[in-house]
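One chain, chain A, appears in both complexes that follow, with chain B as partner in the first and chain C in the second.
Presenting the complex of A and B:
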């Protein structure tokens, strides 16, 4: 029994003929049910207008998960270099009886700056085009590596600060934390900015060399070292803030999937 | 649903130069050969189809949906081999493919299975533990082909995939593409016209960023009938032919010089028509300054 018949069943006082007339009249308006293929195609077309729930949050979680997965793809040389750096850092700081703070300042940015080689190795090895065509694009890979190398560098520096604090009673934990965080964030931010502009692994070597030369001149001069270590806390916090802004800005720039070498027109093919 | 990739009035402008201009084409499952000289806009067009380059105008639609709006859903069904691609020299072939599989969002179990399968297909199983840094050009190219196939793509875009492959590898590659083309859209560009001749459902001829012809090989060659000539000439006549016509193969025999000439009219009295090949078509459409090229060669 179809729904029209059901609806009219209750009108028992109506004559059968009238019901029949109405049914015939309504049947003119019967809509053909579309075929399966048409329904699928309509759904496919409309999918693009469906809002994505918490897309940003999901993307961030994905990047963090990716950063964890990236561990196996980061070169062993980097992990070994950082471990050696950590041992040298600890050993030198403990020997620097007069001023352990100065040594940690010099060592703090090095794990991250070294890690830049790993962060941009896809771009420097000509892998960008393949990576861009993947579900996880090269920009997302870069961000996940920044997260991974950043977290690792913070852990290394925190561990070094903790060790120094445990084994040297004269060290103020808060002070040493602020002192390593300032060059770490600032130099990392500057380095990222430079590497985003200039392609090539040699840039990292140049940056490390410049930092070491500057550190050498600063810390062999008593006046400079005193000024650097006795700045107002607000100045250190200011440097940390600028560093964080610089890093955030570079991450934002990396996030643009189309901000790549092809879009800048470096490889123009035709001219008409 | 039948797959459909539609390019609607695609243009790409760099500063004041057009790399691709107002190009429209509809692609369905099968192999499409993209043929054009250097600088014709092939790579730009492919990058637009891969969605790593935004067109200045126009849209690319996959089954009616803009590929840019599709985002990750499009990348799920896309395989791409760029013309010049780098590799991580310290990665082994296996690790490299596992890495790309991770970027394509495949789970570990599927990745392992697929990587093993593809290493077998591209004949690199024995070298799977070797570092990519020691691979030859052909081996790198095979790894490139393997990575493009990792996610079993519905749209496969290959930019000069046969570069660096030896003849045996090229035949293997052609057969493989032919086998998988039934339910996929495969677009590949090449300078080696014979690659297209054997497997392409249709040929897209592109010049100065514009699509000048889209047809199957048979029909295109049919249009060329009566335009390809063969003649036995001497050195003097050959020089004249080179000046005024497009000359293909030149073979020196005991009887004289056998030249293949592309021309709508009979170029010399003794010339006879010969069945056209895709190579002749390439010369017909794209070779413009041949006499200059010959002059350079002869001056050496």
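Presenting the complex of A and C:
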């Protein structure tokens, strides 16, 4: 195979002296390479684009730190409302001698559903655009508030469950934990999904009203209450799993939605 | 020697030394392609930097198939194509610089001049080729890549690449002949 064929792997009908001349010409097209200092300066520029070590872990730590900072931005009304709910929950459960588990099921999702008002108050008050122009993105604020309200709700429910377990010997701690976790995760997931679809503070009121009506009908009917409280543990775990998936999916959705708006902004900026 | 794939793993973990080794290993290959494609030193330097930023930013999306060089060249080809379509390229197209990088103290001045002119002629001829022909010609001739790899980089099939090579050579021959003819006329005047 001659030089020409080797170089171009094409038909031999092109093989003539003039093409050989072209190859000679091509050989003369040498390249003037940048000096080492210039290559090093490119490498210095590239350093700022390097992937971070444990990027996900760093992002999670940042969100947790932000969630701690968000405590001061959550309205006092929310903290007071949750404390009142906690006291009412404890009081009614202790009075419900026949079925102490029923009331904790009703009260479990309420702190989180109420907290949704706080999570999305920036969006509902038309502040998302301002939040987007800040160093911290709108999605980061929403996710950090979900973390804060989520942790607070879990703490409230756990505290209530512990308190009931301490003061009522008939209560099985594992059972009460599974019973509050199931409605808590499932209703929180559904509520987040609805709030992501429909904008407005009234949605939370509607959700709480629906939940209270459903709970009232379920717990005034003996047959329904028996079925609900005597389900197989696997069913409760299934509900908890679905609830967690729903919450995770909404968090991911929220991150993507607001990030896309941000990225679109960047593209426009880059194009101009 | 550490393979490209091993270095990429290290870069993904944030190892800057690995990035330095990988960039230094492939810098000249990328620069040479871009320089021959654009014909301007300073623009080629900037475009090479742009290509490498894209590479580092998207390093985690690289699928380890042992063809890092091809992936790198594909990014360079696409970035050059974007630049060729830009208005800034059209502005400089007609003002290709006359480089003075061939220095050979042993040669006489006529020889140096003649080599410079020949080099300038091929540079202008290559730049005059359409994007799709220039790309395959540079990748095949200067980078000695396989037709199959060029096809994957330029998102064309192998027969298209072969035909582009053939047409590119014919066009190059035509441009160089035209340039020679102009030279003859100038000499006779």
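Points worth noting:
Convention: the second predicted complex is superposed on the first by the 207 of 272 C-alpha atoms of A that agree within 3 Å, B and C clash if a C-alpha of one lies under 4 Å from a C-alpha of the other, contacts with A are read in each partner's own complex, and residues count from 1 in each chain.
Here, a contact is a pair of C-beta atoms (placed from the backbone, for glycine too) under 8 Å apart; a residue touches a chain by one contact, two chains touch by 3 or more.
Source: prediction; values computed, not measured.
In the superposed model, A:34 makes contact with chain C only, not with chain B.
In the superposed model, A:45 lies in contact with both chain B and chain C.
Contacts of A:158 after superposition on the shared chain: neither chain B nor chain C is touched.
Once chain A of one complex is fitted onto chain A of the other, the partner contacts of A:25 are limited to chain C, with no touch recorded for chain B. After overlaying the two complexes on the shared chain, residue contacts for A:73 are found with chain B alone; chain C is out of touch.
Counting contacts as defined above, chain A residues 45, 47 meet chain B in one complex and chain C in the other.
Looking at the complex, you find that chain A touches chain C at residues 7-11, 14, 18-19, 21-23, 25-26, 28-34, 38-39, 42-43, 45-47, 49-53. Residue ranges on chain C touching chain A, taken from their complex, read 11-14, 16, 19-20, 23-24, 27-28, 31-32, 35-36, 41, 45, 48-49, 52-53, 56-57, 59-60, 99, 101-102, 115, 118-119, 121-123, 125-126, 140-142, 144, 147, 162, 165-166, 169-170, 172-173, 176-177. Residue ranges on chain B touching chain A, taken from their complex, read 1, 14-15, 17-21, 38-44, 47, 50-54, 63-66, 69-70, 72-73, 75-76, 78, 80-82, 84-91, 95, 99-100, 102-105, 144, 147, 208-210.
Against chain B, in their complex, chain A makes its touches with residues 37, 40-41, 44-45, 47-48, 69, 73, 75, 121, 125-127, 129-136, 141, 257-258, 260, 262-263, 265, 267-272.
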